[in-house]
Amino acid sequence: MLEYLGDLLQGLVITLELSFTALAIGSVLGLLAALARIYGARPVSYVANSYIELIRGTPLTVQLFIIYFGLPALGLLFSPTFSAIVALGINSGAYQAEYFRGAIESIGSGQMEAALSVGMTRIQAVWRVILPQALRLALPSWSNEAAYLPKYSSVAFLVTVPELLARAKAAIAYNLKPMEVYMVVGVIYLVVIASLSKVLDIVYEKYKFTVE
Amino acid sequence: MGRKEEEVADWRLTRVVSVQDVWKCYGKVEVVKGVSFDVEEGTTTVIFGPSGAGKSTLLRCINMLHPPDRGTIFLRDVDLMKVGSKINYYRSKFGMVFQHFNLFSHMTVLDNVSIGPRIVKKLPEDEAKRIALEAIDKVRMRDWCSHHPSQLSGGQKQRVGIARALAMDPDVLLFDEPTSALDAELIGEVLQTMLDLAKERKTMICVTHELGFARSVASEMIFMDGGTVVETGSPDHIFTNPQNDRTRKFLSRLTELYGLHGNKKESRMA
Amino acid sequence: MFSFFEIALSHILFMIEGLPVTLGLTACGLSVGFVIGLPLAILRVYGKTAGKLFVAVFERTMRSIPPLVLIFLFYFGIQTTLFEVPGLFAVAVALGLCSSGYQSQIFRGALESIGTGQMDAARSLGMSKLQAIRFIMAPQALRFALPSWANELATMIKDTSLAFVVGVAELMRRADYVRAATFDPLTPFVLVAGIYFVIVFPVTRIAGTWGEKRKRLLTGA
């Protein structure tokens, strides 16, 4: 077992790189989309909403294939890794948008009213009053997305990114023990995700507070 | 009206429930500490006291929903701590009415009341339905048979709760603050139903703040504080001449702030 | 643009033939997930500590392992060690196991939301714990869980696209066939995205609002 473990762990590094980058992209996209949907003018809100619904309404695999296989037809060539990151990022962004939206909406109009009546502009109100509270409120769902991204990243294998699952396949081609290798891989994913969850739980405990 | 003076040869014939030195803890906190009392057939016993005194817990010990840690409960001559797997059978001999109604939200009123006879007593469908309708008539909810609990007011829900308990033809009725969750104007209809039941000589144990009700029909009043029984006696005794300081204090606070009804808002008794 | 429509029309029928397979897989996967998930949820809420621990670990595991890994495990793993496994079977079981982790969580949340009062009331009538679960708690939990469960349905439909790695001729694989046949890598995938969207979007909408309505009916008692 130990022979291929090294290869697997190298794949794990790629998996984690994919995940963190995609998480970052997704968080930015998601937050922007949520803000656009709640506070934006009609056309902006509509675009944001379409993005969210279209991405959430189609499989990640299809999205990945469109970016990796399809875009070259339009002249856009991306490397496998880049395609995977873009696809994962856009996908994660749509789901995160919903988490952020839920959090912002539960803050309640009272806070906005209070901020405006003090004299803040809408933008100031959002930036200084709503967002800080909303982000703390969204932390649990965000943490969930963050912890599970490595799992979603496994589809990158389909476009030849040398991440964890791809290395597993390679190892099996070598030693012909699929049962064993896949179980080991399963355990690795489990440990990674459980650790991420735990770490994020600890962070949450430190920073949570009740929102009015 | 106080206790009926009757010649009784053997206490077993009239003593329906006997609570004997019951102790109950939740985690490390002792909630019920050595409570003992007897309940006679056909009487109404009212347990009252400040919140957190362990009254609801005691009630749930009586019908063995949460068996006591120490002590025992006798239903007639059966020691409920010793019946093992037959406890469900004996539990059905108690009818419980809850503060928050706990009606089965996915069922109609009729189904709510008939499910006990059907599933627990294993009666045939039409028999169960007949019994259920009888109970529903008793609480005057016949017109609402096909409605769901979400369509009822609080007072109506509680009356259905009472019907559900009655449909099992229990030996003892247990009321856990049945009117505490109701708006003032709805309390009356529930109290009226309870008064009717008391007048029919149903054996009832009520945890309640409704002192007017207690004064009317209780044969025994038990004041509980901090998990123990502080004082017991007939309503006359309790209201006019309480022995214990704490009893006196509690009663005066209650009547001063809330009138005889122990409820924050004005309540009317039919 | 002309070639887009040309390809679209001539191949869309071929792709749509994958729809029954996709939907069939969805149904199988969800059923497996349900049959495993609901009893586990009940075990976790009402069972003893050992049971609770087992379910907690199981839930966590099934939600952490990528569906692809499970699919490969069942397809290749079992084929080389035990017996021949049809792709459909492997996918249904794999996706079902993944789903059971989520469904267990969903039903557990629903059971806990209904509250202990209902259980108390049922038992005070004389019902055994089992009877109470069967007649009172589970029916309400199922209704309560509808919105989340509809979400799981949408997810399952999308996850079936992974079946194409083991050769199941559902929507995704057919799209890939068309790509290979026409050398057009964009149109087939865009089309199949459209097909998925047309199925998934109404599910989340209708079942969501309908589920919320039924759920609201419940919370009035």
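When the chains are written out, they are named A, B and C in that same order, and each has its own residue count from 1.
Just so we're on the same page, a contact is a pair of C-beta atoms (placed from the backbone, for glycine too) under 8 Å apart; a residue touches a chain by one contact, two chains touch by 3 or more.
Since the model is a prediction, treat every value here as computed from it, not as a measurement.
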item	value
Innermost chain, taking as reference the mean of every protein Cα atom displayed	C
Label of the chain whose CA centroid is most distant from the centroid of chain A	B
Between chain C and chain B, distance of the C-alpha-averaged centres to the nearest whole Å	46
Euclidean distance of C-alpha centroids - chain A vs chain C, Å	21
Chain centre separation in whole Å, for chain B relative to chain A (CA means)	54
Chain C contact footprint on chain A (complex, rising order)	53-54, 56-63, 65-66, 69-74, 148, 151-152, 154-155, 157-158, 165, 168-169, 172, 176, 178-179, 182-183, 185-186, 189-190, 193-194
Touch list for chain C against partner chain A, complex	60-61, 63-66, 68-70, 72-73, 76-78, 80-81, 154, 158-159, 161-162, 164-165, 172, 175-176, 179, 184-186, 189-190, 192-193, 196-197, 200-201, 204
Residue numbers on chain C that touch chain B, as the complex places them	117-118, 120-128, 131, 135-136, 139-140, 143, 217-221
Touch list for chain B against partner chain C, complex	60, 63, 65, 88-89, 91-96, 98, 100-106, 115-116, 119-121, 148-151, 157, 161, 164-165, 168, 174
